[in-house]
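Look for chain A in each of the two complexes below; its partner is chain B in the first and chain C in the second.
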Partner chain A sequence: MMNWIYLASGGEGGGQAGGAFFSLLGLEVTGAVTTMWGIMFLVLLLAWVGTRRLERVPRSRLQGFLEWVVETLVDFYGGITGRERALQLVPLVGAFFIFILLANYSGLLPGAGHVFPWLLAPTSHWSVTAGLAVVVFFTTQYFGIRKKGLGYYKHMVEPLFLSPLLLPLGILEELVRPFSLSLRLYANIFGGEMVVAAMVAAIPYFLPIATLLLELIFGLIQAIIFTVLTSVYLTAALSEEH
Partner chain B sequence: MEFNLNEFIWTIIDFLVFFLLLRVILFKPILKNIEGRRRDIEDSLHRAEAANKEAEALRRDFADQVAAARREAQDIVARAMKDVEETRARKLTEVEEEAARRLEKAQETIRREKDLAITELREEAANLAILAAGKVVERSLDTEDHRRLVRDFIHEVGAKQ
Partner chain C sequence: MTGMALFGAAAVLAIALAAIGSATAQGRTATAAMEATWKQPEAAGDIRTSMMLALAFMEALTLFVFAIIFVLAGRVS
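For the complex of A and B:
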C-alpha cells in the first residue's frame, strides 16, 4: 500500500519509482525486471518442488494444487477453444495467465514501489505489457505460418482485385492487436493503481480494504482478458479457416 | 507513458525463459499425469463395464442352469411319483390277488372240511341208526347191505333237508 501513498503524494505512476539498479548483458535492470525475476523464481521453484515426485494419484497438497491450477486452465480455455486445442495452447496461455496475474498482484504487496523499489507491478509499465504483446504477436504468426505456410496471409489479398485495399487493412489489423493488448492491460493496471492511490490519499481509513479487493478482481479480470484474446488469436491462426 | 526499451527486451527474454521452463517443469508433466489418469479411469471404466457384462452373462447362464436343474428335478420327482404310484398299484393288485387266492383256498379248505365233517357225521349217524335199529329189532345190522340201506336213507333225509 506504500506505493499508493507514494503515488498519491505526487510520485510517478505505479512502478515508475526508482530507475535502473544495475546493468546486465548491456541492459538496464529496473524494479519491473527484478519483480518479474522474483515472480519467475517463485513460480518455477513451486512448480519444480510440486512436480519433482509426481504420483498418478496426488498425495501431496502442492501437487494437488498444481494439478487443480492446470486443470482449471485447461477447462477454462477448453470452453473457448475446445479441449484438444486447449491442451495444445495451455502451456503458453497458462504461462501468460500466471505471469500476468502475479505481475498485477505484486503491486498490491505491502511496501511495493516506495519502500521496496525492486518490487512493483510490472504490468503497470507499458514497456512490459508491450513485450508480452509482442510475444503474442510473433507466436500467432509462427503458429499461422507453421499451420498454413504463407497461405496464412492469403486472407489479406483475397479477392485479388481488392488486395490494394485489403492488404494494408490486414497488416494494420495484425499490428493493432498487440497494441490493443498491451495498452488495455497497461492502462487498466496503471489506471487502477492511480485511482486507488487517489482514494487512499482522500480517505485513508477503511476504503483501502475495499479498493484492495477491487484491485484483486481487476487484476484477475485483466489477466483473463489478455489470455482469452491470446487464445482466440492463436486458435484463429491454427484453425482451417482464417 | 514512457517506454523503456530495456524493460521491453527484458520482458521478452524473461517471458520466453519463463514459458519454456514452466512448460518443461509444470505443464508437460502435469498434463501427462492428468491425461494418464484420465486414460486409467477410462480403462478402469471399460474393464468394469466388460466385467459387468461378463457377470451378467454368467448370471444369466447360472439362472438358465438353475432353471434347467429345477426342471430336471421336477421331472425326476414326477417320474419317481409315477413309479411309486405304479409300484403301489401293482403291489396292491398283487396283494388283492394273493388275498383272493388265499380266501379261495381257505374257502376250499373250509368246504372240504365241511364235506368231510358232514360225511363223518353221516357215517356216525348211520352207525348210530344201525345201532339203534339193531337194538330195536334185536338183530344185527352190521352187514354191508344194512349199512347201505341206512346210508341211503340218511342221504335222502339230508337231501330233503
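For the complex of A and C:
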C-alpha cells in the first residue's frame, strides 16, 4: 500500500513508472513525456491528413470531423467570451482543450502505468500542468500589454491612495493564478488515479469500473474548466477599461 | 513508523475537514442551480456551465489538501 504513495510523491521506491527511461539533451524522458509525444503525433497526424486536400465543401469525412471540432470549440468558447474573441482565442485555448482531454484520457487506457510504463496520464504530474499554466500566465501578460501597454497594470495602483494595499494584492493575484490553475488539474487527475489504484488494491474485479466511468466525466470537465478559466483570464486582459 | 502513523491520522482529518467544507458549499450551489433551472428551464445550459465552474472551484480546495498531503508524504519517515 505504501508503495504508490511514495510513487506519487516522487520519492524513492517509485519503481519504473515514475523513473526516467533515458535522458535527452540533459532532460529526463519519463512515461509522461513519451505519452505526450504520442498525443502530439496523433494530433499532428490527424491535422495533416485531414487538411492535405482542403475543399470548400468537405467531401472527406476527416475534414468534416475536424471542421466540426473547430466549430464546436468556437461555439462553446464563444458562449463565454463572445464569438469575435473566441475566434481569436481558440487557436490557443482549443489546442489546450484537445491536449488536456487526450492527456486525461490516456491514463484510462488499459495497461497504462503498469503494463506499459511509457503510457501514463501526463496531467497527473504537476510539472506538466505547471508548464501549461506558465504558458497561460505569460500569454495573459503579453495580451494585456499588447492591448493597453503598461496601462494594463494600472488597475493595481488605482485609486492611488490605496496603491500600497492594492499593489501587493494585485501582484499576488496574478501569481496565484497559475498555481491554482495547475494544481486543480493535476490534483484532480492524480487524485482520480489514486482512487482507482486504491479500488484495484481492494477489489480488482468490477469495482473500479464505476470509478473509471466517473474519471471519464472528470477528465472532460477538468479540460473544460482549465480552458474556460484560461479564456476568462485572457478576455479580462484583452477587455477595455470600464 | 510512528511518524507515518501520526501523519496518516492528520491526513485523514485534514481531508475530512476539507471535504466537509467542499461538500456543504457544493450542495448549496447545486440546490441553487436546480432551483434556477426549475424556475427558468430555458436557461438550463447557461446555468449548468456556470454551476460546473463554481463547483470546480470548490472541488479544487479539497484537492489542494489532497495534493499537499501527497507532497508531504514523501518527506515523512
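Methods note: the second predicted complex is superposed on the first by the 224 of 242 C-alpha atoms of A that agree within 3 Å, B and C clash if a C-alpha of one lies under 4 Å from a C-alpha of the other, contacts with A are read in each partner's own complex, and residues count from 1 in each chain.
Basically, a contact is a pair of C-beta atoms (placed from the backbone, for glycine too) under 8 Å apart; a residue touches a chain by one contact, two chains touch by 3 or more.
In this text, all values refer to a predicted model and were calculated from it rather than measured experimentally.
**Q** Examine A:Val200 and indicate which partner it touches, taking first as chain B and second as chain C; both and neither are also allowed.
**A** After superposition on chain A, A:Val200 lies in contact with neither partner.
**Q** Once the structures are superposed on A, label A:Gly79 by its partner contacts, choosing first (chain B), second (chain C), both or neither.
**A** second
**Q** Tell me which partner A:Ile224 touches in the superposition: chain B (first), chain C (second), both or neither.
**A** A:Ile224: touches chain C, not chain B.
**Q** For chain A, which side has the bigger count of touched residues, chain B or chain C?
**A** B
**Q** So, A:Leu234: does it touch chain B (first), chain C (second), both, or neither?
**A** Neither chain B nor chain C is touched by A:Leu234.
**Q** Considering only the touch criterion stated at the top, classify A:Arg184 as touching first (chain B), second (chain C), both, or neither.
**A** Only chain C is touched by A:Arg184; chain B is not.
**Q** Does chain B (first) or chain C (second) touch A:Ala112, or do both, or does neither?
**A** In the superposition, A:Ala112 contacts neither chain B nor chain C.
**Q** Overlap the chain B and chain C contact sets on chain A and report the shared residues.
**A** 126, 186
**Q** Give the list of chain A residues in touch with chain B in this complex.
**A** 16, 20, 27-30, 32-33, 36-37, 40, 43-44, 47-48, 50-51, 54, 56-57, 66-67, 70-71, 74, 87, 90-92, 94-96, 98-99, 122, 125-128, 130-132, 134-135, 186
**Q** What does chain C use to touch chain A in their complex?
**A** Against chain A, chain C makes touches at 46, 49, 52-53, 56, 59-60, 63-64, 66-67, 70-75.
**Q** Which residues of chain A touch chain C once you look at their complex with the stated criterion?
**A** Counting only chain A, the residues touching chain C are 5-6, 8-11, 79-80, 126, 180, 183-184, 186-188, 190-191, 194, 221-222, 224-225, 228-229.
**Q** Where on chain B does chain A make contact in their complex?
**A** 1-12, 14-19, 21-23, 25-31, 33-37, 40
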